[in-house]
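Structure first, commentary second.
Chain lettering (A, B, C and D) follows the sequence in which the chains are written, and residue indices restart at 1 in each chain.
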Amino acid sequence: MSAVISFPRLETAASARRQAWTERLRLALRTPSLLVGAAVVLFWILCAIFAAKIAPYDPLQPDILHKLLPPSAAHRFGTDGLGRDVLSRVIFGSRGILVAAPLATLLGTVGGTAIGLVAGYFRGLVEEVLMRITDAFLALPTIVTALLVLAAVGGSTTTVILVIGLGFAPIIARTVRAAVLSEAQLEYVEAAKLRQERAPYVMFVEILPNVMGPVLVEFTVRLGYAVFAIATLSFLGFGIPPPAPDWGLTIAEQYTYLIANLWWPVLFPALAIASVVIAVNLFADGLSQVLER
Amino acid sequence: MLRFLLRRVALALVTLWVLSVIIFLASHALPGDVGRRILGPFADPRAVATLDHSLGVDRPLLVQYLTWIGGFVHGDLGMSLSFHVPVSQLLLRGLGNSVKLAAVAFVIVVPLSIFGGIVAALRRGRLLDRIITVGGLSATAMPEFVTSIVLILVLSISLKVLPISVQVPPDADPLTQIYHLILPSLPLVLVLFGYIARITRAGMIEALESDYTRTAVLKGLPWRTVVIRHVLRNALMPTIAVVATQTGYLIGGLVVIETMFNYQGIGQLLFTAVSQKDFPLIQAGVMTVGIVYLGATLLADISYSLLNPRIRLAGRE
Amino acid sequence: MDREAQRRLDEVRKGRTELENNAIDELIAGRVSRREFIRFATVLGFSMPALGVVLEACSTSSTPTTSGNIKKGGRLNVGHQTPAGAMDPILTNDLGRLTILGQCGEYLAWSDSNLHLRPVLATSWTPNSDGTEWTFKIRQNVKYNDGSGPMTVDDVVATFKRLADPTVTGNNALSNFKGVLSPTGVSKVDNQTVKFTLDAANGNFPYLVSSDNYNAIILPASYNGGWDQTFIGTGPFKLKAGGYVVNDHVSLDRNPTYWDPNNQPYLDGLDFKFYDSEPSAILAFQAGSLDVYTQFSVANGQGLLTDPNTTVIDIPTSAHRQVHLRVDQPPFNDKLVRQAMALAIDRPTIITGLWNGKAQLANDHPLFKMYPSSDTSIAQRAQDITKAKSLMAQAGKASGVDVTLYTEKVQEIPALAALLVSAGGQIGIRITLNLTDSGTYYDRYWLNSPMGITDYGHRGVPNTFLSAPLLSTGTWNAAHFANPTYDGYYADYVKAVDLSAQKAVSGKIEQLLLDETPMLIPYNYDFLTAVKKKVSGLETSGMGHMNFRLAGITS
Amino acid sequence: MSEKLGAAQTPALQVTDLKLSYRVRGRDREAIRGVTFTINRGESYGLVGESGCGKSTVAYAAMRYLPSNGKITSGTIVLDGRDMLAMDGDELRQLRAKAVSMVYQNPGTALNPTIRVGDQLVESFVTAGVHRHEAGERALAMLRQVQISDPTGVMSRYAHQLSGGMQQRVVIAMALASDPTLLILDEPTTGLDATVEAEVLDLIRNLRATFGTSVLFISHNLGVIARMCDRVGVLYAGRMVEEGPAWELLTNPRHPYTVGLLRCIPRWGLSKELGALDTIPGFPPGIGAAVKGCVFADRCGLVQDICRTKEPGLDPVGEGHASRCHFSDIAQTLPSAERDMVPRPPVPETGRSALSIHNLRRTMRQQGSSFQALAGIDLEIAPGEVFGLVGESGSGKTTLARSVVGLGAPDAGSEISLEGKPLPAKVGQRSRDQVRAIQIVFQNPDASLNRRHAVRQILGRALTKLTGVHGEQRARRVVELSESVRLDAALLDALPRQLSGGLKQRVGIARAFAGEPHLVICDEPTSALDVSVQAAILNLLVRLQRDRNLSYIFISHDLGVVRYISDRIGVLYLGRLMEVGPADVVFRAPHHPYTEALLSAAPSLEVREEHRIRLSGDVPSAAKPPSGCVFHTRCPRKTGAICEQEQPPLAEEEPGHFIRCHIPIEELRRLQKPEAAKEAG
C-alpha cells in the first residue's frame, strides 16, 4: 500500500483557508479604489452615528434672522435659508441616506437574488413568467417606477426604501439569473440532483454561495445608484419630506440661492452626495477587482 | 436571423403587455378619487360622482383595463385630466422634444465616451486610463441635478457661453435649437459618459486579450491595424447593446433635467402627471417610456445581430 | 371744506342711496379713512366723477398712476405658472389660468391692488337700500377680440346665469355665488342695464362680478365651451394663431379692435411661457429669457429682490397661511393650549426672516387690516413665552403635549412648519411634521388633522374666509370649530351693509377668534412680480391679475 | 526558399539560458528557470511536459509575446540569426510577419469571429509582403494545400461556420502564408477529435515536408510528440531536464522524470490485469518556488542527498541526448510508486446483469431542431464488469451516461433496469436505494465540486442524503470515505480550489462512492488531468472496483485508458453502438471500420505509421444523420449502395463480439490483416 496522499504545502486546511483570507485581504489593501471608497464611506458612517456629538448645532433649529450667512468661524459651512447651520445639516443628512440606501439596496438584492435564483434554476414556464415581469419593470427607469409608486402611496422614508428596492430587484434578478444559468450547468448541481436534493437546497445551499460574488458586486454598484436615486427623488420632492436635513431635499429647497451667489447651502450637500456616490462606486469597483482575481 | 428577430419582437410585445398590466394596476392604486382630483378639493361631492361616472372610473377594473388597452392599441390614449387635451397630443410633443434633447446628448456622448473607453483600454493601467475611468465614474455618480446646477452657474451665469434657456423661438434654425439644447444635455452626457466608456473599455480589454487579437499581432500586423480591424469591431458590439439600454436611464435623467430646465419633454410631462395625479397621462406616459425603451433595445438587438455574423447567419447552412 | 366743494358734494348726495350717503357721512366724520371710503364708495358704485367730487370735498384726490416714456410696439416674454387644467373661464381656479383669462377677457369691474373697484365693462352700479338688488349699467359698443360684437346685455346675462348655475360641471364660480346668486336672479332690465336679485343681502356684491371673481369674464351669449380654441373676450389681447400649446406657452397679439380708444395697449403681444417649477423660471428670468415673472416667492426669489436690473412689484394681499388647531381633539381641545401655541410665535421675525418683510402681520383671524370693514383697534397678538408657558401649566400640560402637523410641500409652507415646530418646542408643544404633496394633503389630512397649514388665496372680501373655515356648517372647517355665538356674528356681518355696523361686528368676531384661537394666521403675504427694468406700466392685483393694457417697454 | 537555403547554416531558433518571471501579487515569480535549446533548419523539435512546466511560456517567449506581467530576466533568443530581444517594435513586427508563425490550441477563438475567414487569410499574405492582387489567389492555393475541399466557399465564411478541424486548417494556412522559418505549434490538436487530430497531424507532417519549415511543437501528449518530432526536450518546472532524438528519448529515457512519465501512460495493449500503472508522487514546484538542487528531487524515487544540494547539469548521455540528472545512468531503475496491483479474477459468468438497457432512445432539441442523440441502444452490464464506452464528441457517450443516472429522461419506450428491476427515468422518481446504487464521477472536478463547500461538507452531505447517516456517525464515515480514496483527513476542511486536480478528482470519486453504489459511471474522469495524475486516479478506480466488485461504465476518448481499465468495450457513433465486445477482442482485428479508424488515429508511443486508415471530413450532424449505415459518409471501407440505404444490424460476429457492418467479418479480417499481424506481434 502506498502512503495516503497528503498535501505537502499546507499543514491543515484551516490554515489554508486563513491563508486565502489573508491573501484576499492583502489584495484588498493593495486596491486603492477599494480603500479610498471604504474610507469615505466609513467617514460618513461615523458622521451618521455620532452626528449628535459632532454637529455644532441642531440641524432643525431655524434662526431666520441669521439666515444665509456665509461660512464663518461660527458656522463653518454657513447657514441656510432658514438660518439653520449647514454643517450640522450636512452631518445629520448622512443619516437618512446611509440608512435608506443600504436598506433599499439590500431589499432589492434579496428580492432580486431570490427571483433570479428561482428563474435561473427552474427554467421553463416559471422562468418565462418571472423574466417577463422583470423585463417589464426593466423597461422603466428606476426613477420613473419610483415616481409611479410614490405618487400612489406618498413619500416617506419607508416608501422610498421599498420603491427603490422594487426598482432594483429586476436588475439584480437579471444579473443573478445569468450567473445562475451558468452555474446550473455545472456538474455539482447535477451531483446534488443525483442525491435527490430538493430545489431550495440546491438553490440556496449549492448555487447561492457561488453567485455571491456577482451579487456582492451588484449590491455595491446598486448601493451607489441608490444614493443617487434617493437623492434625486428627494430633489424632485418625492422622497424624504422636509424639514429633514436630507441632502437632495436641501439642494432642491435651496438651489435658487445659487443665482444670488449664495452657494454654501447647496454646494456642501452636493459635495456630500457626490462623495458618497463616488466612494461607493470606487468601493464597488475595487471589490469587483478583488473578487475577479 | 429572421427567427431571432421574430422571437425578440414577440418577447418585446409580451413584455409590453405585462408592463401595461403593471402600469394599470399601479395607477389604480393612486389614492383619492379621480373626479375629486379633477375638480379640486373644494368641489361639490355630487359633481364629483357625476364626473366619476362619466369618466367610467366606477366600472370594474377589468372593464376599465380592457377599455384602456383597447384605446391604447387604437392610438386613443384618453384625455389628460389636468390639461383637458388628448394625452396623445401631449405625449407626441413631449416625446418629440425629448428625442431632440436626447439626440443632442447622444451625439455628444457616444463618440466621446467610446473614444474615451478605447483610449483607456489601450492605455490600461496608466495615468490616462485612471483619469478616464475614475473621472467617468465620478461623473456618472453625480446626480443630474447636482451637475446641472454647477453647469448653469459656470457656463451660463458666470461665463455666459451657453444660453440657460431651452426655449427657442419655434422658427429658429436647427443650429440655434441645438445650441440651446447643449447645456441641458451636458448633465446627461456626464452621467452617460462614465458608463459607456466603462463598457467600451471592458469590451476593448476583452477583445485585446482575446486569442484572435493575439493571432493578429503575431501575424505581424501593425498595431493600428490590429486595433482598427480586429479589436474595435468585436469590442464595440457589447457597447451597442449598452448604449441602447441607456435610453431607459436617459429618460430617468430627463425627468430631472427637463424639470430643472423647464423643457417640455416627456420627462417633465411625467413629473407633472405624477405630481398632479393625472392618471391617463401617467399611464400613457409610462407606457410610452416602456415602448421607447423596448424599441431601443430591440433596435440594438437588431444592429447587434446584423454586426454579429454568428447571429446574422444563424439558420443558414 | 370750502363752500363750492360743499355744494358739489350736496349735488352728489342727491342721487345717492341711504347707504351711499352714510358712507359719505362716515368719511366726513372721520370715522373711516380716505382709503376705506374710496373702497367702500367704489363698491357702492359711485361713478368716477362723483367719487372725485366727494374726495375733493374732503381734500383728497385719486389719480391713477400712469407711467411715461412707454414706446409703442414690442412683445414681452412672461414667465408664468403652468395652468393646472383646461383653459376654460368657468373651470378656472388657479393663477396659471386666471392671469391668461384676464388678458383676453374683461370683467364688469376691475378690483385694483388697493381693493378699489374700477368700472370696466360696467359703467356704474347701484344697490337697493338693503343690498338685495344690484343694478349695473353696461358699457356700449364693446367689440370682442375676434372682431365680433358688440357685447350686449344679453351676453352679460347669459354669462352670469351660467356662472350661477350649480348644474354646470366644475363650475368654480359657485364658491362665490352659492347662497348669493341664483341663475334666476340675473335679469335684463333694458339694453343697457342688468339687474341682479340676490338670494340674500350682500353688501360686497360688486366684488363678485369684478376681477376678484376671475371666472366672470363676459362672454358672448352664444358661447358654448371651447374657450381654449378661441380665447374670446373683450380684452386688450387675443390669441395668436396656433399660439396656445398646452403645458408649454400661450402667445397673444394685441387686439386691434379693443374698445377703449384712449387706452389701446402699447404692446404688440405677449408670450406667456409656462413653468412648473419656480426655480427654473427664476433661472430663466435671471438669464434674461423672461421680461416678467408673474409671481415669485421670497424663498426662491432672494436673488430677484436684490437684483439691480429687476423691479419687484409688491402688492399686499389677503392671501395667507391658515394654521388650524382642531378644537375637538387633544391636544388642542383646550383653549389654553391653543392660545399658548399662538403666543409662542414670533410673527415679526417670521415676516422679516421668512419673507424679507414682504408680508403683513396678521392676528389669527381673517379680518385683515386691508379690509375696510375690519376693526383695527383690536390689539395685535405678540410673542409671549412666559405667558404661553403659564397657560400650558394652567391647562395642566406643563409636561408638554405631542401633536402632528400635517401640511403640503408648497412654497414657504415647509419652512413655516419648521418655524412652528421650533416655536412650539419652546413651550412644550412637541410637533411632528408630516409633509405631503398638495393632493394628498387635501385628500387625506386637511379636514382630519389635529393641526395643519392650509394655503388660502387672496379674496377681495373676507366673507369666504369667515364662513367656510369657521362656521359650524363650514365646508372647509378643518379646526372643527363650532361656536353658535360666532355663527350669529357671521350672519350679522353679512347682513350689515352699513360700514360702521360691519366694523362693530368685526370687532366682536376678532375678539372671539382671538380668545378661541381655532386658527393661527401669522401673516398675509405680498404678491410679488418680477419685472425687468425696461418694462413699465404693468398693473397687478392681489388676485394675480396682470393688467398689461398700459404696460410696455420704455425707450 | 532560396533565402532559407542560403541561411542554412544558422539554426532556426536558438534559445540560450532563458529565464523568465511573472509578476504576481507584487512579486516576480520565476516560471522559466534557464532553458537552452536549438532548433535546426528543417528540424521538428518537440517540447513536452505536464501542465505548468512552462512549455507555452517558452513558445510565446520565442515570439516575444508575453503578457504584461511577464519579463525575460536573462538569456537570449536568436531567431533566424537575429537577436529577438534586441529588436524594436517594427523589427519585431517584420519578423513575425515573415519569419515566425504560430498555431495554437482552440482554433475557434484564434480566428476573428467578425471577419470572413478569407479576409483574415488574405491579410496574412499581405502582411507577409504579397501584393494585394495576388494575395487572394495565394490564399485559395494555400487553402487547397491544407486540404480544404471547398476553398472558395470557405473563404467567404466566418469562423463559427467551420468545424474545429477546418478552423485549425485555416489557422495553419494563415501561419504558413509567410512561408516562415519557424512554425510554432502549441498543442495544435488538443480538443479535436481523435480522427480529426490524426488528419491535422498528418497534414502538418506533409506540409513540413513541402515547405521545409522548422517546427517547434508543443504538446503534453508524448504520443503526438513521438509521431511529429525529430528531437524532443522534456520540460519540468521551467527547466529542461532531458533532451534528445525523439525515438531515442522515448525508448531509452535517461531522466527519472521522463522515465516516470512514460510509465504513467497506459500503453497500447496494457490492461489492469497486467499490473498497476506507475505514478509520480507529489507535486511539481509552483511558479516562483525556491528550488535548490535538482528540480525533480522532491518527487524522485532515486533521490540522494546530493540531489537536494547540487543542481545537476544537462550532461550528454548519448548521441545528441542529454539528461539533467546526477544518476542518469540508473534512471530507468526508478522504483515503481505503485506495486500493489494483483490480477483480478475474471468476471464471474453468473448470467445476472447489473444494468440492462433496452432500446434506449433520446431525442434532444437544439436551436429549434430536434435530433436523436441516442438511437436505440441495447446493452447489458454484468456485476463487477467494467464497460468502456468510446466514441468521438457528439457520439452520445455523455447522453447515455446521463440517461442511466437519471438526468434527462430518455424517450418513451426506452427501458433501463437495475439488477432486473425497471428504473424510473428521472432521478427524482427513483427510490433512495436506486439512487445510491448508480452514481457518477464527472469529468471536470472543478465543475462537479461546489467551489464554496469544503470537502467535509461535500462528502458529508452525500453520505447523509444517500445513506441517511448523521452526526458522529457521519463524521466517522466521512473520514473513512476520504481514506478509501487516499485523501488525507487533514484536507477535509479545504475548499476544492485549494486542492490539486488529482485530489479534487479523488473527492469526486469519494462522493460517488458515498452510497456504496453498484454501478458507477465514470465520464472521462481523467481527461482533465496530467498523465502522472491520471495514472494514480486510474489505479484508484481499479482498486475500488476490485475491492467492492462493482460495475463501471467508463467513458473516455482515450483508447489507451479505456483499453486499460475495461473488460468490455462499446464503440459509439452518432448515437448508435457500432461495435461491442471484450476489450482485448475489440482492440484486436477484425474490428468495425470506425473502430479501426479510431485505433489507427490514436497517437501512441509505438511507431505504427505504415498502416493507418484516415477518415475524411467531420462527424455528420446528429440532427441529420446519414441514411443507411450512419458511418457510410466517412467509411473508408464502404462497399456500395447498401451502406447508404440500409442500416446494418449489430450482429454477433463472434461469441460476445458484436459489429454493426454490412461487410462480413471474414472480409474485415482480410482487409485488416496487416494491422492484425502487427498488433499480434
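One rule holds for everything that comes next: a contact is a pair of C-beta atoms (placed from the backbone, for glycine too) under 8 Å apart; a residue touches a chain by one contact, two chains touch by 3 or more.
Since the model is a prediction, treat every value here as computed from it, not as a measurement.
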With respect to inter-chain C-beta contacts, which pair, B-C or A-C, contains the greater number?
B-C
Distance from the mean Cα position of subunit C to that of subunit B, given in whole angstrom:
44
Averaged-CA centre spacing for the pair subunit D and subunit C, given as whole angstrom:
93
Go ahead and note the Å separation of the Cα centroids belonging to subunit A and subunit C.
50
What is the distance, in whole Å, between the centres of subunit A and subunit B, each centre taken as the mean of its C-alpha atoms?
23
Send over the residues of subunit B in touch with two or more other chains.
31, 152, 157, 259, 271, 275, 277
Find every residue in subunit A that makes contact with two or more other chains and list them.
154, 237, 255, 259
Once the touch criterion is applied, which pairs of chains come out as touching?
A-B, A-C, A-D, B-C, B-D
Within their complex, state which residues of subunit C touch subunit A.
278-279, 282-283, 286, 299-303, 306, 349-350, 352-354, 409, 414-415, 417-419, 421-422, 433-437, 440
Taking the touch rule as given, give the residues of subunit A at its contact with subunit D in the complex, in rising order.
1-2, 4-14, 16-17, 20, 23, 26-27, 30, 186-188, 190-191, 193-197, 206, 209-210, 212
Quick one: which bits of subunit D touch subunit B in the complex? Just the residue numbers, please.
63, 65, 68, 89, 93-98, 101-102, 104, 106, 109-115, 123-124, 127-128, 158, 160-161, 171, 174, 178, 367-368
Per the contact definition, I'd like the list of subunit C residues that touch subunit B in the complex.
82-88, 93, 166, 169-171, 174-175, 228, 245-249, 273-277, 279-281, 283-284, 286-287, 289, 437, 439-440, 442-444, 446, 475-476
Looking at the complex, which residues from subunit D come into contact with subunit A?
25-26, 281-283, 298, 337-340, 405-407, 427-428, 430, 432, 435-436, 439-440, 442-444, 447-455, 461-462, 465-466, 483, 486-488, 490-495, 498-500, 502-503, 506, 511, 515, 536
